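Chain naming follows the written order as A, B and C, and within any one chain the residues start at number 1.
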Amino acid sequence: MSPLLEIRDLRTAFPGARVGRGRGEPVHVVDGISFDLDRGEVLALVGESGSGKSITALSALRLVPKPGRVVAGEVRLDGKNLLELSVGEMRRIRGKRIAMIFQEPMTALNPVLRVGDQVVEAIQLHETVARADARARTRALFAEVGIPDPEERLDAYPHQLSGGLKQRVMIAMALSTRPELLIADEPTTALDVTMQAQILRLLRDLQRERRMAILLITHDLGIVNELADRIAVMYAGRLVELASRSDLLTNPLHPYARGLLAAIPALATPGTRLHEIPGVVPSASRWPTGCRFAPRCSERFEPCTVQDPVETTRPNGRRVYCHAVAEGRR
Amino acid sequence: MGAYVLRRLGYGVGVMMGVLFLLFVMFFAVTDPDDIARKALGEKVPPAVIEQWKTNHGYDRPLWPWQDLDDNLLFDHYRRMLTFDFGLSDADDSPIIERIREGMGPSLSLTVPLLVLGLLVSIPLSLLVAFFRETYIDRMGVFLCVLAMSVSTLLYIIGAQFLIGKMLRWFPISGFDSDLMLLPRFLALPLLVGIVSGIGSDVRFYRTAFIEESSRDFVRTARAKGASEVRIMTRHVLRNALIPILTQVVLAIPFLFTGSLLLESFFGIPGLGGVMVDAIQSNDFSTLRTMVFIGSLLFVIGQIATDLSYGLVDPRVRFK
Amino acid sequence: MTGVEPYMFSNLGTLLLLAGIGFTARVVRRNRLWREAATSLWRRRRLALCVLGVYFAIALLDSVAWKGGVPVDAVGVLPNAPYSIVDRIFLGTVEASYSAPFASVEFYGGSSLRNPGTHPLGTDIIGRDVLYMALKGARVALLIGGLTSLIAIPLALLFGVGAGYFGGRFDDFVFFLISTLASMPGFLLLIALIMAMGRGTLSVCVALGVTSWVGFCRLSRAETLKLRELDYVRAARVLGVSEPGIIFRHILPNLAHLIVITFVLMFSGLVLSEAVLSWLGIGVDGSWGQMIDGARDELSREPIVWWNIAAAGTALFTLILSVNAVGDAVRDVLDPRTQGDAP
């Protein structure tokens, strides 16, 4: 079975800061990302802010905010390259085969339209259904995502709902057309902890029922544990490690991944100092040559600051991009 | 919501009291009634006639309540203004309220079509420009707007009268006719000038509102749902941008009545704007007072109406 | 004081203005943020800024006046009146009546001119050189726009920041005052004020000031309310920084960009308003608005006299366009949202 989504060498750039009269050098915030996503699989794309994970997701849907744009690579859905489609064809994919939910439920919904109408719009954009039928489906969806009193909530305005309810509406809207792939960009970051747990559980249940693939973007490894089948770690626009959940969480190979895991407070021994990765994420306009993590890496040696890291593949499809791993030092 | 309305109305009343006080200070306390009388009657008039004129126009009594509690101009001024007893014009002794009644019709016949046509022209233009934002169309549009805004209305009027009225002779330079069939010819030029002179600032304002709304998160959500750019513009952005736009429109409604000073004067339309211009040029203080009072009253009503209209348009205000 | 005349105030004012500009230039050069803003502005709007520079220079030349040193036999020259630099360039160029640009004879009648061919923009109804009148209008326009703003903005800041910062009764009073003034349609209030105070340059400037300060007052009050609750301001208060210290060191600098933007935007509105006031007959003497108003019935003559209105109209339009263009760029440059991160 071929993968549902294949991303190859994706590069997305923004124009850099102007110096004098000319345009600045383009800044590649996504700099050569490749990974696959199988049907029904949950892949977590993990990284700090500034790693390029959100833009990767937006690039797949061709929703990169101007003035950025995808400059190289392929995004294949069932074999077809989305980047080559016409605008009209792409619109038919968005919301129908690939749906996306965003981080801020507070602002993601149109404040002057009722929430029910916004979900109905999502349905009617892709299917010819009567309004009454679409409304009925919406009501059922609301119930399915755990919105109490779904009938009344259909006519509510976004500001009348709590953050958690709004996110459920977003999920309902995304699922209304039975998409094969759901991209969830930090879906729980803006919610409080109890809400987070509920939404995650909801996503897991829905995913299992519908055999839907999910590309989960997050910086929170705790969430990843709940949902993900595989994890891809990004740093400074590039992939550093791609492994199954159990492999990565029990035995991370890339130094950055190891650092991330070590930094989780819950895993630390009480009374000891929290582990931190020294240094800061480099800004996209000033990426170091060679391995971008090298300046902060404790395993750094000669090739790291000169050459781009090489890919090491392991039998179960695991990939690591690190000189130390490649040379068997780890 | 009811309590809010009451509070708003109460504040409006308070503000009108303040306005009336300001008007009193400006037109009674600061100006000398003898000067006004002399300007109306002429310089060489004997003092007895001046005294008589002052008595007729009510300028001969003490100004402040502490001078005479029963008969002072301040209380009188308040009482009369609030009961719409405007009295006689200082310039020609005609009853002010008659001039107002006569002038309202012609003013409305110009300003209402102007408002409607202005909106019909500006909003689609600004939607267009906002749709193509950051492209050459947008940049050219903004440049043209700034260009248009920089020309004084005076120049537009003179230019239009000269080029279209005199040289091309398409429309009469000025004039008015109460006959509805003949009226459009006379209104064509002032309407044209009114729309063109306002288009620059209107389109820029609406464009900003549309662009602001276009960069909001819910637009991204709509795009992710697969909505077309056109649909996004017309169904999502327009609805949200209408809120600030509507505010502007409602605020403009009071001015429909007071008319446009320049347009009416240049194009010979006998509306309230013309009344004001005459009052200025003949130093007719009582008419001037009255017009400013009415203008302020309408403006305050307009502001209250705007606040209330927010509740109708924006569901966030309607449902607390 | 005996012997103190208006032209001396004008000279003094010019000196103070130049001093003020020098001071501001020093401040801008020292502060990185403002320096970058200024360079960015120069890069974007070189032409408009140069045009404004020319207007400013002309206005300066017209603001420095002194008595004496005039040729006694020149037409229309009074030996004891003060004349500015601009005046002196055009001394004695007065004709009898209308003449077309570069003409050698009068427009109506055809009798020869005293100075044939020397009037690039012709002469007006009483024979004054139109170019001269247009140049003199520059000073008037800049005075109206600049001086009025310089009065209105500090006034607005005083009441707005005070109301926002101190709150309480003062805030209630200011809010009521703003509401009352704002409830009177600006133009009507303007006219009413001028009628009440009598015509003349000073009352026009004062009236314009009174009607323009309200908007910025409201804005600075709202901003101050926001700024007052910011964490670092609260921290300063807790640390015991004095009230005026907080206002001058924390609140005002954060309003600086709004001040600049407001000043530039107000400017063109004021000049355009004065043009309309001149047409109503209650404007300032010597302004372009007055020229346009006077020129109106010249267009209905046969043959038409067009140079008067063309000169004044073009001068007015060019100034307003340049100010608007610069104003737009100023807003973009100073908008905190577009100020990027450090490189």
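In the analysis below, contacts are C-beta pairs under 8 Å (C-beta built on N, C-alpha and C of every residue); 3 or more make two chains touch, one makes a residue touch a chain.
For clarity, every value in this text was computed on a predicted model and none was experimentally measured.
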| item | value |
| --- | --- |
| Shared chain contacts [chain A and chain C, defined touch] | B |
| A-B or B-C - the one linked by more C-beta pairs in contact | B-C |
| Centre-of-Cα separation between chain C and chain A, whole angstrom | 55 |
| Centroid distance [mean C-alpha coordinates] between chain C and chain B, Å | 25 |
| Centre-to-centre distance between chain B and chain A (centres being mean Cα positions), rounded to whole Å | 53 |
| Two or more partner chains touched - positions in chain A | none |
| Touching residues (chain side chain A, partner chain B) in the complex | 61, 63, 65-67, 91-96, 99-100, 102, 104, 107-113, 121-122, 125-126, 157, 159-160, 170, 173 |
| Residues of chain C touching chain B in the complex | 176-177, 179-181, 183-185, 187-189, 191-193, 195-197, 268, 272, 275-276, 279-282, 289, 292-293, 296, 299-300, 309, 313, 316-317, 320-321, 324-325, 328 |
| Of all residues in chain B, those that touch chain A in their complex | 134, 216-218, 220-228, 236, 239-240, 243, 313-316, 319 |
| Chain B residues touching chain C - in the complex, by the definition given at the top | 11, 14-16, 18-19, 22-23, 26-27, 30-31, 146-147, 149-155, 158, 162, 166, 254-255, 258, 261-262, 276-277, 280-281, 283, 285, 288-289, 291-292, 295-296, 299-300, 303 |
